[in-house]
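After this come two complexes, each holding chain A, first together with chain B and then together with chain C.
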Partner chain A sequence: MTVKASSGFLSRSNFGPKALAILIALFLIMFLAVPVAKVFIVAFQDPSTGSFTLINFVDFFKTSLFRESFWNSFYVSSVSVVVASIIALPLAYFTSRFNFGGTVIIQTLGIVPLIMPPFVGAVAMQLLFGSNGSVNLLLDEHLGFTIPFMEGLNGVIFVQSIHYFPFILINLSAALANIDRSMEESALSLGSNGMRLFRRIVFPLSMPGYVAGASIVFIKVFDDLGTPLLLNVNNMLAPQAYLRISSVGISDPMGYVISVILVIFSLFAMWVAFLALRGKDYATTQKGGGGLMKRDMKPAEKFIAYAIVLFILAVVLSPHLALGLLSFGTIWSYSVLPDAYTLEHYAEVFSSAGDFIKNTLLYAGMAATIDVVIGTAIAYIVWRTKIKGRKILDYLAMSALAVPGVVLGIGYLRTFYQFDVPFKDIPLANYWLIIVIALAIRRLPYAMRACVAALQQVSVSLEEASESLGARKMTTVKRIVIPLMTGGILAGFVTSFATAAVELSATIMLVSSEADAPIAYGIYVFMQSAAGRGPGAALGILAVVIVALGTYVSNRIIQKANQKNAMSPDQH
Partner chain B sequence: MAFQNKEVIKKLTTVVIGSTALMLSLSVNAADGQLTIVTSFPSDLTKVFKKAFEKDNPGIKLEILKKKTTAGVKYIQETSAKNRTDLFWASAPDAFEVLKDDSLLQKYESSVKGLPDKVGAFPVNDPDGYYKGFAAAGYGIMWNERYIKAKKLPAPAQWADLTKAVYHNHVGMSAPSRSGTTHLTVETLLQGKGWDEGWKMQKEIAGNFKTVTERSFGVPDGVNSGNFGIGIVIDFFGLSSKGSGFPVDFVYPTATTLVPANIAIVANAPNKENAGKFIDYLLEPNGQELLLDPKIRRLPVNPATYAKAPEGFPNPFKDSSIGAAVKFDLTKSKNRYNLVNSLFDVMITYRLDDLRKATKAIQDAEAALAKKPNDDAAKLIAEARALIAKLPIDEAKSLDKEFAGIFKKKRKKATDKVTGRQAEVEQEWDKFVVENYAKAKELAEKAQSML
Partner chain C sequence: MTQNKSTAGISIKNLGLSFGTTEVLKGVNLEIEPGEFFSFLGPSGSGKSTLLRAISGFGPDPTGSIKIGGEEVTGLPAWQRNVGMVFQSYALWPHMTIRKNVAFGLEERKVSSTEIDGRVDDALDLVGLKHLADRTPGQLSGGQQQRIALARTIVVEPRVLLLDEPLSNLDANLRVQMRRDILALQRELGLTTIFVTHDQEEANTISDRMAVLDKGIIQQIGTPVELYDQPQNRFVASFLGTANIIEGSITEGHFVAEKDFKIPVKTDLTGNIYLVIRPQSVTISETEVTENNRSYSLKGNIEYSEFLGETVRYSVLSNGHSILADESHLRGNKIVANGQDVWVEIEKDQILLLDR
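Moving on, here comes the complex of A and B:
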């Protein structure tokens, strides 16, 4: 829908945008393309002779531990998708098919899990659902059996599905809401209803949305390092890569082989999602309103629906509850609840964890700033100029989505070990700035999409008007375009900030000293001592609060911006 | 509206740039008294020492890099060309031996005199003067009192107790490849009971494992939270958990050894003098007293410090039974360091499920045998046990330098010849072990069907 400005207005020197494009390209190449390429090269290199070889991959698939890790990662990701779908389906069904009073609860359910990164709650979940955790102690005492919620891989699956199901819920709800009512009406008028209607009309029409959500969840679980690490599950790909590099050494080829596999799978999942959303065959010509027909619930149905929703709510809130209990509890050992409660842990966090908080604010702030600056620049270059090859910039930035945090961390360690930071005499790989860059690169795709969306809402005619009044390009951008994009930019900044603040995978690979560590690493470290569980949990709650605030603020900004745009007159 | 937003952005940008510049400038003026320490110790310990040392020496700022023992050794090896580390501070003496052999440590003569030469049967300091012991630790068994009460388990006292069927699925331990202290525990068992007997007992205990934790802390953590009831740990994990209020207890079995925790100055350390000061601080009475902190609970090497210890605190200088039974041979341990790591992992960690199932089958068969004696069944069970205990290599091979050299993960020179790739050997062992466990399970089940 965006009309590119005709070349007449751009005949003035393209130098500015071109130089900018080249600078950004260089940044992305140096901090994204090169490290990832390095990882790929090392994976295919013979460790002693340096020549091209497939022997590392052969070794990988010949070693049973790695085969097992590969299979386990695959298994955990797939089953997480299934469990997440089971959680999301009834919720999506209730909201799309019925006039359901509990819709507000369901909408909250769509956000609450996302504000707590899975690794933060993982340890607390052990205490609640572990084999001698609260739930199982009660079950054993009263009913005589236990459920292995958290045994081995089950623990990872459980924690991940509870965290990621909103992706499926949101995508599925949106897909169902977009089904044209006239489709359903036609089907009904032809005599099809109930199960048959669902199977042959609703289901296929909502597939693309579902598949998109499912592939996102799959890849996020596949790449996650923090959760398996904190749950002590090591026979999966991401923890194995981390363990190989840190215990066996930066030259161990297995870490690189695993990285290559992770990247290939990420790309594959992205391709599947892309295909699913691209299918124009699923578009329906607009006739009636959006969404299926809703009907009222009978009392019995209402009861069941509320029961299911409340049960899901309880399960979804359990990590938050467990973390809270852990942060306030004194000793929690082989009992349903902690022995007693105290504010000591929070006191300790505020007195000794100041460094973590300071670092987090600094790193996340810088990363988010870099993201919106580059994001806006790329958005402008790609959508408003005619510089050759500008699409490449977009793809390059988006490709960061296919690179898991672990891989980026390994790539940086390998590539930047030789370079020293000027004036400081420390290898770049150990300097805290590298963490900022890693966070920025990882969050760039999201920030950029926010900036692109914001830019697309600024009508080109406004720029044309400005230039026809004699303003130079630079002035137009500075005084018309960017101010109009502010809402989107701010939202992108805040989201980038909130998610960078709790990133663990790349951080854990790159942190070299505790003084340089952000909050995510701090939580990891605290959870490693008996006396540290309480403060670790308190720190975790703090991290959740930061993310929740960020999400809320970002939502408000977007709402305000949308209101503004809705009210302003001519928009095309 | 747009104008206001612009102002907001301008302000935000200034703030961010300003604070960044401030941070950068602050960090450029690094404290002139600096000390970088790579350590495997948890922050409960390092925090206490850092605070006390910095208070005593206001000009020096400590930077603590926390790494697992194996990762710490690797880090020092990999950064040796541009070394930035002053001190290596960890428990396991064999890790220090590895670094000493790579010429990555330097000698230091401490100004603190009068400390004993031995604690238990082990010399406190490196006879060559490269590393110093500042605390001692032994290995033992900790358990969760609520757990064993609820599951009606007897409190364990010796390693052999842990092989009993009653403890099946209740024991936790880390792996030597993941934890320096666990490596020492395993080596102590191997040297105390001999290679064959040691591995046999190790596997029998492992058959009762609930889990092999990723790091040594996972064990006391599991016992503290009641995830599993019994853990094989280094003493300070048990003692400090108890000191922190958890309902746990700890005991030293007879076959244990007291091994010092050490500190050494890294070769080409940028702040050699400060490093020496830190070592001296650890050995002085004030520093030694810090070890008695309830969250730390390590055995001081200064006998006088024990006067300030709480009641019931073990005292190796008074109680000569602790740690005297096994004479630990450091050279042996060093030469087969990586090999033992791999062997444990291949035979136990990666095949825990198979081992557990086979062990359970044997334990069930033995329980049935106790009720109905039967010679043939007994023979089958004995065979099954022997199959589990079978090892792919004998002690002589473990000490063979060339063979052990395969397990050097990083070949330093092209002239270091190895007879095969580590992955190959491990794969061979894996096959051997899987076959034997499966066969053992079969035999035990056959024996049970006869009863």
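Moving on, here comes the complex of A and C:
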């Protein structure tokens, strides 16, 4: 191998990656750092004089509606974490500690809710669980009481917990699965057993995984705009921010104050997760270890376990069921089931909502492309070059995680309403391309992780082999690295695509005309009127199909890529 | 820490164990004396860990009987056996300090907290790591973790100590030091100990007696010297050290193998036989040697040689059979060239004949 002289900023071997790094940094600064900074500046600015002030925050906490919204958001997020935990705990425990036949159902449970954005099912859930919904009608008729599942904040909590519990399930299962049996066996041979063993060994070892999952759920619920909006619960922070900006206007400081609070809470939750995980690499499984300690269930235990799993499955599938019924039903109100069934809503959607679908495919496709291009570039720059400050790119891209969609939307409106699109007489803030960029920025952290994972599967020695045979850096990247990363990059593309297709919170702020709107916005618009619910639900089903297909395809791609990589002897 | 009064012998009778339909242990019989240092030696997958885990109460229920100090323990759960087990991976709990790890077993036994403090200190002293008491396992080196795992086990004064490949995760130098320390500790405590290893040097240097396992069956039990000098079957002969093993049969007072390989032997055995001879009992000579009352002589030809430092190992082809011969090496000795004709001397009283 030759040792390259790495002298001078513009040395030939480094010029390409450096130029690329600078371009990406500019893009991220322009479309992530600047808009968010703008939001912070406006929040701390006196609206009339422009000087630094805390008066906006004082005003915020003086207004009872905002105080109430603040506590409601906090309350809803916390209770959602609790409810999601109650759903996730038994499931994680069954799969990781027992030889349980229902494990496949549980794994499915871990994905099914995620393929439908919570706001899509929200309205349909009211028809199943609302005060005049199917369940309560049945309860009232047979047992003489009703349960306020969907009243006010309860509805948000219910819908969000069902949707987000998989994050806890996945993280907790992984943590439990990482506890080597010798951890428990050594405690057993020292005289511990049963609940004491669980409390002293298993529980503390799985705690970091649990906290990581719980903090994700907290952030997601705290930031979510679509669900409360569709359930018409407006006294929470994200809806308030949206309503202030869309009704009072972009100069009203309250939207910015709320944005700052949302970002701070996101950061806080991430910090808690970081603290929980720091220095606690409790993954104890290892070579020579025995893997998990699992035992068989007794018949009675099995019965109870299946009952719990099937009950949770029914609850988790209820939004899908309700949405399906709504999309095929004629009139559905004050009755257990719709009066009759029809295909009319689908016909309407296909005849009038073609633009929504076309826009969705275009926006999500473009956003996902941007994501994997930038994601691959950052992965390569950060992990395979020695460019100074390369880590900054990584942090910059990852920081998008702490920026809720509403905040990004508000930031874009404020930053880009003065920039006109070249050759067109409209501000960038109102141009459809800005939606694409917002989607790309929002999904970038996930796509980038996928690309980094893919790159880490490509051994450095493969690159060195190519270089020692005389290939230059660019050639090596093109002919060796990228082809080997294809599986991971594709998976990143598909996940980005599928989730961008149903993103509402940033989109809703940036859509300036219905002709430019994607499916998520269309669903929101349809669901506003009683007559639009049927077509809205049909559109929702369409969105679910898109996301489900995307998830399926990306899983297949990852599996294929893993099989292929399993054949190469050198992996990390 | 004082001499362990509760140390116990182990008696295993006709033990069998299966994972599902695969039989992993078959007809195991074993008597281990109180205070003995005993090893299980065998290749990977031979069932050593499974046997050890059965004694400590883990894994599928075995058939047959296991008695510790005369008490039948099959059917008793692990936490009631008072058997100390040190895991190959050490299995220190990462969420507890070293002190907490070591105190765990005493806490489970509801020992008073003042006594716990004293006993934990003593145990940490014994392994020489008292100064690390307030660290967490992640901050310790492999060797230190190993000592803590030992301290955590012996602090509860178990009836027997079981060690599953305790040295396999350490580097070579530390391994030698650690095995001496373990032996010294065992002698000090007088604690019946079973040590599992696939490394014959480890087993030879540390054990009072050992059992060689293969395919879930105990092949032979004895002191290291007995097993080396008097292997009872081909597996033990080839697993311990290096041996020339030639397949043949006894005909008219001679051992006869393929291709006219024939040497006279005195034996009561008949029929199919293995002839076993260690390389150090074979010498080569470049000048002709004839049979004498000490050794037989065969003509051969050097196939290849390996320089090992203390010795040079020659492979000599004689009558179609490759025979290894070790010659001790002194400074300046020259190595016999490949292809050179030589005479191979085999010491008569070092020949071992085994039934096939």
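The criterion applied here is as follows: the second predicted complex is superposed on the first by the 544 of 572 C-alpha atoms of A that agree within 3 Å, B and C clash if a C-alpha of one lies under 4 Å from a C-alpha of the other, contacts with A are read in each partner's own complex, and residues count from 1 in each chain.
Quick note on the criterion: a contact is a pair of C-beta atoms (placed from the backbone, for glycine too) under 8 Å apart; a residue touches a chain by one contact, two chains touch by 3 or more.
This one's a predicted model, so the numbers in the text were calculated from it and none came from an experiment.
By the touch criterion stated above, A:196 is placed in contact with chain C alone, chain B being left untouched.
For chain A, the partner with contacts to more residues, out of chain B and chain C, is B. Within the superposed three-chain model, A:187 lies in touch with chain C and out of touch with chain B [touch as defined at top]. In the superposition on chain A, contact of A:64 is made with chain B only, not with chain C.
Looking at the shared chain after the overlay, A:556 reaches neither chain B nor chain C. Once the two complexes are overlaid on the shared chain, A:278 sits clear of chain B and of chain C alike. Across the superposed pair, chain B and chain C touch chain A at no common residue. Residues 1-3, 5-6, 8-9, 13, 16, 19-20, 23, 28, 42-44, 47, 63-68, 70-71, 74, 77-78, 82, 84, 144, 146-147, 150, 177-178, 211, 213-215, 217-218, 220-221, 224-227, 237, 240-241, 244-248, 295, 350, 409-411, 414, 421, 423, 426-427, 430 of chain B touch chain A in their complex. Note for the complex: chain A touches chain C at residues 180, 182-183, 185-193, 196, 200-201, 204-205, 207, 279-282, 284, 286, 288-289. Of all residues in chain C, those touching chain A in their complex are 56-58, 77-85, 87-89, 91, 93-95, 104-105, 108-109, 138, 149, 152-153, 156, 165, 168-169. Contact residues of chain A toward chain B in the complex are 48, 59, 62-65, 68, 126-127, 130-132, 229, 232, 234-235, 239, 243, 246-252, 330-335, 352, 362, 365-366, 369, 423-424, 426-427, 479, 482-484, 486-487, 489, 512-515, 525-526, 528-532, 564.
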